[in-house]
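Notes follow the structure.
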């Protein structure tokens, strides 16, 4: 079952690579991400309450947590591929890329999906690392797809910083493997997550402390947590909108999924104190850096990228709390943030397409000049800033509640202060972009193909925020996987 | 039909009104939404009245909505009182909105946001858990922000007001959330009943932190002084029915929050808590009334007077807490009754004032007092309504403002000789603040009514003003009528407030505090006979008119030129303007206000001694904003500029960040091992 | 193969890997740095081969040959293709001058030994004692990566880090499971290919491989 | 309430209103006569103000062109509010009508209502003088308010209630209260406030004709005929009432405690005597005082406020 899930994007990648890009390939991509989403849902129903599913003779494994991540990947991939059609049409129409180049883009996107699915479904932590490294390699060309000076610079920085960061993670994985080998009676699959969890209490604490520190630093680079976050604003602002939506929406959280997997083992081996302090330090650092850099932003895509750093900081702080409520809220936040950030990046891509510039003060009064586009951007910002009825409000509230219960009250208050500063910064930037007089030109309507999926995404995010009854059981099952 | 389902149906109707506001065509949009809002208000109000009458709470819980926590609503008598307050302001404001929609609030987003705003405010007093309260609170903030930004495409001031409002409300909400979460951390659940149960066992300094955080959060929503900066900006830019609702009902929910955390959840506290509230109240009252007396924009004047009245409410609340803390529960209950009566009356007359100001803005096209004048002749009903509402805010006897001030004065008077040194010093200061505020409010509203409605029109807009449509007058009229009723027969208001207070402060004994047709204070020597007073005043006026008609032989009256020192020509420019009217008061309080005076004289080209024209501008700025908020904003902006050096663009710098992080981690791990 | 010669062979191999890492800091010309990288690849393969023979582990031996082919031969040729077109192949003044770099390298080596004390305590075998060499090579590689101004030097830096970690992998766990090993080396290979493509694009578009031009994206 | 008692109360209150009305005008004439005599003039006869008012009633009513219904309403409401206040205050008997609700606070606010509406009427004429008068009157009102309310607090602190008859009865019960420092400070503050409220020197010069120096006169500049008569009547009643309140707080003897006819007559006689003495003293001092500059008034008011505050504090401490 799992191998078919992987095969869908891979086969679509091969198919769309063959011929130069046509709309059919675009819709094929949409079909494949829909397939991933449906696969995720089927997997979730199959896994919740029952034992984990395994496939491809032991290499792949899916429990509630990975099923949830597959759903997240599916949802955001659906949004991104739908918008991808519009993006490629416009690129080809404006002569910035040829059909062949667009076909390469489509293949790489599907490859990107496949690598993320592999990372999430891998049973073996080594295979997971290989998959995460593969995502970096595949997305480098996607970041540089617009082949301008700045996108080349962004992709260079992206691959250099990320591969060094990921190398640290590999060192961490090796050390965990070393600790696993030194446990008497280890099985052949010592690096499998299940066997590691089975014997986590016997792992050598010294080695595990060093390993987990390297894991958080290494995978933290891919999550965009400070101090290795500097590639994120450049990569996400230069990449094409659908790619930056995918990266900001779900790639960061797939890397965080890896940290969560290791956190389970580290909690077992070292007790909760060390992982908690490490995650709290990293998350508060990210929040402070994101807050300071958001204050004087002049480019709205970079503003959204820094917003991702902030939300990853919040998720890390939530994971540091570690109780079942905290992890469930973290997972809901991952989904909510993925959708909201995806919609916002796609809208900013549309704004860049129609306005021509990504400078905040050269794009004034969007609500008056382009009501539909401005409206979606406004509601996206509202969702991202944690207002009800969107799901980010519920997840942030419950993460803070869990942090207070666990005794991390002071850290929660610090995060609230950073969020208040960020709220002020985003509000002033948002004001320049959204509010203002229309001037002489008549308001321009956005085509339905663009607006409908984005509005659908926002409505979905609001629906999850209001009731989330279908996800409730899945969230709690996934939370129990992490919080023992 | 349980009471709980009434609340749910009311909420559903409100939401339906929101959708109707968005979907219906422009012409009938406001009317359709209004009908649904009235139905929602009616349902919520009946539930509230039932709760107040029987004293039993109405509870409602659903796990399906709001993941992880579910929604739970419990309508306590205190909450019911505030639901009634919101409904009392919302129904007339919506009626006013129907006529007003043709001029200002005609956009689809405003028509759909307004009903949601009313519905959410009806539900906030019923929230009974941290999650439900915060959802409704943030939703109220979001929807009211949308309403403040209705005119964002027309005026830059609306845009900056929106930003100020959003940021300060968010900071307030963060303070409230922290307070609730500290309470929730010390109790197993997150419902208010759990919080109340475990709050007593918390450490005193933690309880003090929770109270101060709640005071900051709810004080900023109520508009108490250091946090009031958004109030004049947001109210001046919001459409009038929205300003009426914000100033009447939303600000009251701030006070509800302080009472909820202070008295209900924490169950009172040491005396210094409430002395802080008392001092905050006195400062707000003085500062608000001073700025109201010196402001020329009618809506900003009303907004500052909201800060002033909220100051009085906090004064009474502080006094109530002090009396409870030094062991006089009966007196504490009386001052809490005084606080809530002032709040309820304020909601009524401030709503009426904002609605009539809206009519003036629609008719005369401006709300700057220096451009108005002579409106009483051109808009007789609106003018009369404004005058009566202004009389009631100045606490003149037959109207409702007077009852509130009397109750507050009585509670302070009877608290003066309790032998507690802090009380003995605080009470006279509080009475002085109350009195100076009353004096300055009279100054502000005589200016507003006199300059705005009497004399000659000072601009073509005021000249051409005509009476506004019937629905607008009816809306304002409804509120003014309720002011008169609450003034002449205050027992209706005071008894229901008494019931709510008895539910909040249980140990004041079963007997009602205030009894009989006239307000006889039980257990204390103090009585007021408002109905007889009103009767006596009408009789006296009739007698005086009769006296004048009988004594004077010739009933006809002749119209003639007013005295202009012998000169024929008397123009509008010879009249006092709002600035000159307030000049004596402003000169007396010069060192507090420190107004900015700039006088630029342009000389004739040929010689320096011949003056071609001289313009004199005097502006009274908000000192709190200048000294507290602007430095913070400048500091944050400098921090932002400095932080840009973190991301200089060189890949080497980023890699060095990574290397230092790696080295630091390795050193830490090595040291730990 | 007697245990003493095995231990000395391992020691020699690990030392060479660390020495090559330090050499890259010392030499200026890019061509020389690529040759040093090739030597390091061969040494790494040697260590892997000797562990394979000692543990009689056929897969490890195959992996060693693979490592020799990839890191010893393929990667250096790829990099030299980029260098050939760039005339000014001399490394301009690096961010940190050579003596300071060497002192920093010394400190990093000391830090590596201190940090991996717990690891050597867990596995005091012949191979276990050499793990700090790998960690040191990784740290020095990272330092080289962070302070060199040329694009090619950064590619070499990344490979130094990978070689260090591969050395640790071989020494600590006698090679991670085959599927992971293959995946990891494939990833590294692909990374080098991508870097090489980007470097050629940079040379065509920007004229030179100097990384200081790449600072347009800033806040 | 038995019928006899009710008749007694209505009778007493009617007497009080008439006494205040007629007494006020006579008092005005008497004070002018005292001033004239002290300045070496014969001065107008004491009943002159009565004749003025009757003359004004017969004149024609004149209304400024831009005036609204507030212009004619203000004098009526002024007289009405002072009348209601007069009914409530225990001038002649300690059981005036509505004694249940007769509260010092209510009396003060009734007078405030009258003066506020007068200030509004001042601006209704649309001339500069009306605006100037109202602006200054409102400023003085704002400054006098704190001193007035703290004085009421000082007076009611010792007797634990702000009910006016209760205060008078308590003072009658133990005369020691009068000499107590609390009462002395309160009374001194009350005197200053009364001078400010009724617009006598040194706060405002009632007999000035210089438009720029008027405060109270400027507001009623446009009134003529019956309206002017009502305003004069109202002002006179207000002065008489304020002096009556002051007098009953300082020397409460003679105020009837029962509603017998004899008691009322004695009460009336005592009231007239005391007010005459106080009015004369006030006139006596006015001869020697000049009008204070407008912006020196805040110091006067601050002095009154501090004295009232001392009254409250000493009332609490001494008890």
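Order as written gives the chain letters A, B, C and D; numbering starts at 1 within each chain.
Following the convention adopted for this analysis, contacts are C-beta pairs under 8 Å (C-beta built on N, C-alpha and C of every residue); 3 or more make two chains touch, one makes a residue touch a chain.
Just so it is clear, the structure is predicted and the values come from calculations on it, not from any experiment.
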| item | value |
| --- | --- |
| If a chain touches chain A and chain B alike, it appears here | C |
| Approximate Å spacing (C-alpha centroids) for the pair chain B, chain D | 36 |
| Inter-centroid spacing, chain C versus chain B (mean Cα positions, whole Å) | 69 |
| Distance from the mean Cα position of chain C to that of chain A, given in whole angstrom | 31 |
| Centre distance in Å when chain C and chain D are each reduced to the mean of their C-alpha atoms | 101 |
| Sites on chain B at which at least two other chains make contact | 643-644, 646-647, 651, 655, 658, 662, 666, 669, 673 |
| Residue numbers of chain D (touch at least two other chains) | none |
| Chain A: positions in contact with at least two other chains | 156-157, 160, 164, 206, 209-210, 233, 293, 296 |
| Listing of all chain pairs that touch each other, if any do | A-B, A-C, B-C, B-D |
| Residues of chain C touching chain B in the complex | 95, 108, 111-112, 114-115, 117-118, 139, 142-143, 145-147, 149, 154, 211-212, 214-219 |
| Interface residues, chain C side, partner chain A - complex | 115-119, 121-123, 135, 138, 142, 145, 151, 154, 158, 161-162, 165, 168-169, 172-173, 176-177, 179-180, 183-184, 186-187, 190-191, 194-195, 198, 201-202, 205-206, 211, 214-217, 219 |
| Residue numbers on chain A that touch chain B, as the complex places them | 156-157, 160-161, 164-165, 168, 206, 209-210, 213-214, 217, 221, 227-228, 230-231, 233, 274, 289, 292-296, 325, 328-329, 332, 365, 367-368, 382, 386-389, 391, 393-394, 397-398, 400-401, 404-405, 409, 412-413, 416-417, 419-421, 423-425, 427-428, 431, 435-438, 464-469, 471-472, 475 |
| Touch list for chain A against partner chain C, complex | 59, 124, 126-127, 129-130, 133-134, 136-137, 140-141, 144, 147, 149-150, 152-157, 159-160, 163-164, 167, 170-171, 173-175, 177-179, 181-182, 189, 191, 204, 206-207, 209-210, 233-234, 237-238, 293, 296-297, 302 |
| Contacting residues of chain D [partner chain B, same complex] | 54, 57-66, 68-70, 72, 75-77, 79-81, 83-84, 87, 97-98, 100-101, 103, 105-106, 109-110, 112-113, 116, 119-120, 122-132, 134-136, 138-139, 141-150, 153, 156-157, 160-163, 166, 211, 221-222, 225-227, 229-230, 294-295, 298, 305, 309, 312-313, 315-316, 319 |
